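These notes open a run of structures that come right after.
Heads up, the next two complexes both have subunit A, just with different partners, subunit B and then subunit C.
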Partner chain A sequence: MTDLPALVIVFPIFASIAVLLVGLVRPRTGWPIATLASIVQIAITGSLALRGFNGDPVQYVVGGFTVPYGIELVIDGLSATMIVLVAVVALGVLGYARTAGPRSNSFYATYLLLVAGLTGMSITGDVFNMYVFLEITGLTAYALVASGKGGRSALAALKYLLVGTFGASLFLLGIGYAYVATGTLNMADLSGQLAAVGYTSSLVQAAFGLLVVGLFVKIAVFPLHTWQPVAYAGAPDAVSGLISALVSTVSAYALIRIVFSVFTVDFLLANPFARTVLMAGAVVSIVTGSLLAVAQSEIKQLLAYSSVSQFGLIIGAIAVGNDTALTGAAIHLVGHAIMKGGLFLTAGLIGTNAGSRTVTEFEGLGKHLPIGAGSFGIIALAMVGVPPTIGFVGKWYIALGAVETQSWPLAAVILLSTLLTLAYFARLIERMYFREPAVTTSSVETTDATDAVNVATDGTGTTPSMGMWMTVVTAAVLSVVLGVVAFEYGQLLEPTIEHLLS
Partner chain B sequence: MTDVTSLRPIAAVLVSAIAVVLILASHRRPDLRESWTLLAAGTKLGIVGSMVPGVLSGQVYVTDIGTFVPGVRFALRADALGVLFALLASLLWLVTSFYSIGYMRGLDEHAQTRYFAAFAASLSSTIGIAFAANLIVLYVFYELLTVATYPLVAHDGTEEARAAGRKYLAYTFGGGVAVLAGTVLVFWLTGTTAFTPGGIAGLATADPVFGRAAFALLAAGFGVKAALMPLHSWLPDAMVAPTPVSGLLHAVAVVKSGVFGVARVVLDVFGPDLVGDLGVGLPLATVAAITLTIASIIALRQDNLKRRLAFSTVSQLSYIVLGLAVLGPYALVGGLLHIPAHAFMKLTLFFCAGAVHVETHTDDISNMAGIGKRMPLTMTAFGVASLGMAGIPLVAGFVSKYYLLIGTVSTGHILFTGALLLSGILNIAYFWPVVYTAFFESPERDDPKPVVENVLGGRYADGEAVTDGGHAPDDTDDTAGEKDDHGYAPDHGGQGPRDRQETQANLHPDHGPDGKLAWEHRGWGGEESTWFMLGPILFAAAGSIVLGIVPDAAVFLRIVRLVVTSATGVSV
Partner chain C sequence: MSDSTDERTPTPYVESPIIMATVRIITPFVFTFGLFVMFHGADSSGGGFQGGVIVGTIVLMLGMAFGIETTRNWVGPKLPVGLVGSGVLAFILIGTGPVLLGGSFLEYHAYEIHHASKYGIELVELAIGLIVSGIVTGLFFVIASGMEDNGGETA
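Then we have the complex of A and B:
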């Protein structure tokens, strides 16, 4: 199976087409096909990951061209992590989406295309190819956000489209500059050529700046985050679960690739300013994201701003750029994907079942919806970084990395981010367990109104299905259990990180 | 010292964690639910107790689960210091469990399942703290303890309880951040965080600036739960919790876990020698001395009994920290011995306050005149424990304070000796009025209490006089009607008219001579309350007397001697 690396991208695309075509004949086949495809995708990515983690990176050149000209696919520990994560989360969200909707075949087709785009971004070894997958990811994500039935979804998708395209254009410009400087697009080749051109050349610096800022938009680093709260809050629940878990995550992965595989650590050493910018982005994102999250009244918006803050940690790890911090970044990328995806889905479940979509409506949930509230509480505590959950382990690595390089301000902010995260989650936990719902006539009316809106946007007003419960509880369990196995994962990742930093 | 691989440390942690599941599962059957609590408490005490003889003969029981993060094992070690804390916590949990049942049922509280589950989870974390083999594992359980105790603080769900809960989370998680930061520094400097008697070797050679920073962060982080001033203000507010929680957690488990953390840092992370060389012991001791004095003075002016006890706790905890920070062997013995001594005495006091609350709903000291007639056993136990708090001989507090005084004198810190003596006098000054008013006054004949009643300094006489005569009980919080206040008052003035009204309900002219208002007389045979509450009160009071009369026979002093000997090399 030497063509497996290509297959892992192509398979979801074919599956997507299959959903569309079979759907013409038998309309209700979208979900089974998509689920089957996701299971097969997990098998493919799993076998690839086994190879990626064992020894040298798997390299594959598409179409038999030679390396600097042909498109190369590279699977090392980090990209293997990403493709497995994408496949697993995709399956989990499908389990949720079966009842929660949206259910049209075009939704499932787009869904699988998004999986293909994200997988492609993860394993490509070519910067232009990465742009292509970035656009595939972006366009499908816009479409998915728009699949909600209200005007709000459409508006959110439009904003996402405008801002996202802007980011992608910057990324493309950056590639252009790098190409002008070196005449190559292959990542491995680029890193050598860029060194030859000289890291202080303004062309190279400009390329770095544009690529990084472009990806900042995609990751939603403050102040380039404006699309994110709107998109996450406007999208149907299942979609916000999926894109919050994966899209920014894979973009952050892409940033690690660009910074360390293409420009390398030596570039950061030669340009202290670049590191300063990354560090400033991290600090500002962590602090501002949290503060904005505290100010939100809608749960999904709150969670979106929480993402802005959490990705600040990842950017911080990239700015630190030693092996400890990057291991932490990888762990936190996976951990955050599980936790944030889980939180969005739990919030969706609570919204579907109890009609609670704002902070005040969370009052007294502990009694009415013990499992939903319990899952939300556990994942929220994991997000805060209560040990021994995955949220703590990632934070420990990143903070330790920051201390090792003696980046004291960053280390302080990373540690204090615990309190910032607590500030917005404690509010919800308190309301769920220690407040009775306010039973005034007006609030009942608004709850009914929101219910009506929910029915309109989701196409469902039904009680949560088994699949929804399973997904949510699994996410809660994973966010605790992964913390225990994170060390082994860090060990597995060691050769990859060493290679990345050499 | 020999390490013995054993599952007992992890079993001691897990037994109440399993109980949490069982308690939640049997929420429909209260009797079964409570039996799980008692069973778990008994088993936990048995497991911890079974390790005591081995530990006294120099063994250390170790459970090693695996690597948690690089360079750090997730391991539990039951050494002498750990067993000291674990034995204390598990013994008093068993006692408190009986009391909790009496208290919660006596008040017909809501959400009892959550209460007992969170209590069991708290004890699980506490034992984890006691047996943690390194700073990371200690941090893990330290944070889990915060999470597990939060539902207990916010138990009532009233605005005050929620505010106290928020404050509690903010303070303790803030402390947790400082602990984590200190831990990261220690790990970065030495590549390990494992507790080593006498200190981690690598720290002595590390940059003293970072060494001091790490010590400051760790001491401040643990200082939050140890209620060192100015980080203490969560503790009086947390008194809004049900009284068993105030008793076991906020006088024993939670606050002692902070003190215990300081002890680990001083004895097993830095080592007494290095703490002295870095010159960080003296500042910590100074903070402790200031805290114990100021908290005693504040306690004088608290009319609400639980608040007075809370400030007394703040003060007494600093005795322990002072003993640890002075670093002399005798001071260390005194400080460590004060952990169990204070636990027994303060638990007695809180149990008494809770019993008075359940029986009579009287919470302000100014309304307790003559209450000794209504609750003779309870108030006698209160008197015994408060004598011990003041350091009167034959009660537990004397022994530990004696060591503390010798320790501070022998290391030449006469100022600290003075602070301890002054605080001892203040202890009498704030505890004696309670005993006096209970036994030697009556509702119609009680002396004015100028310290409590008058405005501090007299100048800020804003006066709390309100034209409508203050708030009546029925116009407070809308939930106040159905929820109990657990004897909590938001400020030092106590609950005011509301408490007076609740006291009046208990007073009747028939009870007193010549038709005067008086408390009903109850005999000394236990008619004043249920044995679910009286038993624990008498047990804890008896414990504090045993510790005071035959300290060597009670196992705690032997463990403390062992700890100090292995940490300093000096036999005491």
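Then we have the complex of A and C:
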């Protein structure tokens, strides 16, 4: 079908409304509808991805307008990767959320709306349209964070809302500047027009700065990351898994689009300072994120700071800006999504089952909960970058790219980041396998069904379901298996990256 | 102050015949004005967002005049959700209609009627109006219920 690019965004919105409306008649239908919708979404994105990887990018103009005026949707290798990733992770987390909760119909409706927003951000070819989807993504993410019970998640969501809106406003301001300079909003058209205006024009430079800093907030790059640990730690487990895997990832993808599709490499060459800022953001984020992660005692906070550090790598790849580094960025985006989502869900599972939510409580988990501890250990090692996992391939490409352009400080920091990642994960792995539990951790409590529903959002005290185990183990398997196929994927992505850098 | 007022704070609602009569009289006019604003989205200032808020204020006025709890019971929990849902559904139908007729998404010209584009945009504005009025109503009830039922879902 030729209209699939529009339908891939419309379908989750439709499903979200279906959840709400069917929920009025039959209250317990949210999960089945959301799951069915996610499966259909995987099919749609899959068929689009086949076309996106097969030769030229798929282009579609909404409303039958002509290109610079109408909203264009573009699916190339990179955006195809993102939409498939979003659909797959959304289905996986649903499998986890069935028993882990939250379970209200409004949760599932918001969930599908978030999927729509992320998909839209990935395939849009229009900067203003990207802002709209960025806002949809942001608003639904705030609502999802707030869906946990208790004041902590509400406070986290409020903080996320304030900081996130600030970032989105900067982004919008940047679009405004670019529009003043060129009079167009279409990305492909903008890149030509911006070149015509001149890359050293202060208007163009200001637009670049605002767009990049706005997205830095959304990605959670070091000094602008303050919303992120609070939000990830305060949200219900399933929600932390979903947003840690997707929201920052798609924002980082948006940054790649803005920097390379709109402003192009020539802009970076004409403005060495822009590249320096990106590089500085990357280095500071990698080092500080890791150091802060080492200092955390709560598992979810630790994982959140680890994300700050990992996204530093992606920013580093953007700053390097050659094809090897960008291939690495794409691989690491996918890899990080699977690994971090998996880690958050595993941490949630361990917290649900054994009540261990801090670093010290992980002692002796290897005996207590072998599958949970095993999955956590495998994904953690993948995150460190042990071959042949996906974490290794992503870092390898980015480091190689940095060496190719002789950005030695960045290359050194990437190697250092591996050690730092090892520092905070080794602490956990050591506790899980080489220490006896010092204090008797609260044993598995099986509460009866009604209680299980009540505490579902909090988690502690329920037995994990089949779906939860399956999601966690699948994430662990994927983080290894994807590493094997990642090099082929890198080759598949080559034409897209070349097109992006030309 | 007696003990009973200390235990439960009195509701701010005061039953006033003047307010009730006024609200009864102006409600139809506010509603019409809301529709008027919605219909002016395509070619002049106005549109679904503004019109939707104006229509949504009707429920707020009823709440002020007749008591929020009474209004909540009268409106019911399903109406705001229904409004939002049908608004989005209407938009999706308007958008995908051209696809079924062989055009692309939101290509109004695929509908073979005079000024298809204008009527298409007008319909979308009405759909937005439905959504906004539903959300205003829902938000009003959620905020009015205060912190007591701890994050309960009205909308």
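Methods note: the second predicted complex is superposed on the first by the 482 of 502 C-alpha atoms of A that agree within 3 Å, B and C clash if a C-alpha of one lies under 4 Å from a C-alpha of the other, contacts with A are read in each partner's own complex, and residues count from 1 in each chain.
As a convention for this text, a residue touches a chain if its C-beta (ideal position, glycine included) is under 8 Å from a C-beta of that chain, and two chains touch if they have at least 3 such contacts.
What you see is a predicted model, and the numbers here were worked out from it, not measured in a lab.
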Could you tell me if A:397 is touching subunit B, subunit C, both of them or neither one (first, second, both, neither)?
first
So, does A:369 touch the first partner subunit B, the second partner subunit C, both, or neither?
neither
Let me test your reading of the model: by the given contact rule, A:478 touches which partner, first (subunit B), second (subunit C), both or neither?
neither
In the superposed arrangement, does A:21 touch subunit B (first), subunit C (second), both or neither?
second
Would you check which partner chain A:242 touches, where first means subunit B only, second means subunit C only, and both and neither mean what they say?
neither
Partner chain in contact with A:134 - subunit B first, subunit C second, else both or neither:
neither
Comparison of subunit B and subunit C by subunit A residues contacted:
B
First, second, both or neither for A:33, with subunit B first and subunit C second
neither
Subunit C residues touching subunit A - in the complex, by the definition given at the top
78, 81-82, 84-86, 88-89, 92, 95-96, 98-99, 103-110, 150-151, 153, 155
Using the touch rule from the top, collect the residues of subunit A that touch subunit B in their complex.
381, 384, 386-388, 392-393, 396-397, 399-400, 403-404, 411-412, 415-416, 418-419, 422, 426, 430, 433-436, 484, 486-487, 490
Touching residues on subunit A, where the partner in the complex is subunit C
2-3, 6-7, 10, 13-14, 16-17, 20-21, 23-24, 60-64, 104, 106, 149, 154
Interface residues, subunit B side, partner subunit A - complex
66-70, 74, 114, 136, 139-140, 143-144, 147, 151, 154, 157, 161-162, 165-166, 169-170, 173-174, 176-177, 180-181, 184-185, 187-188, 479
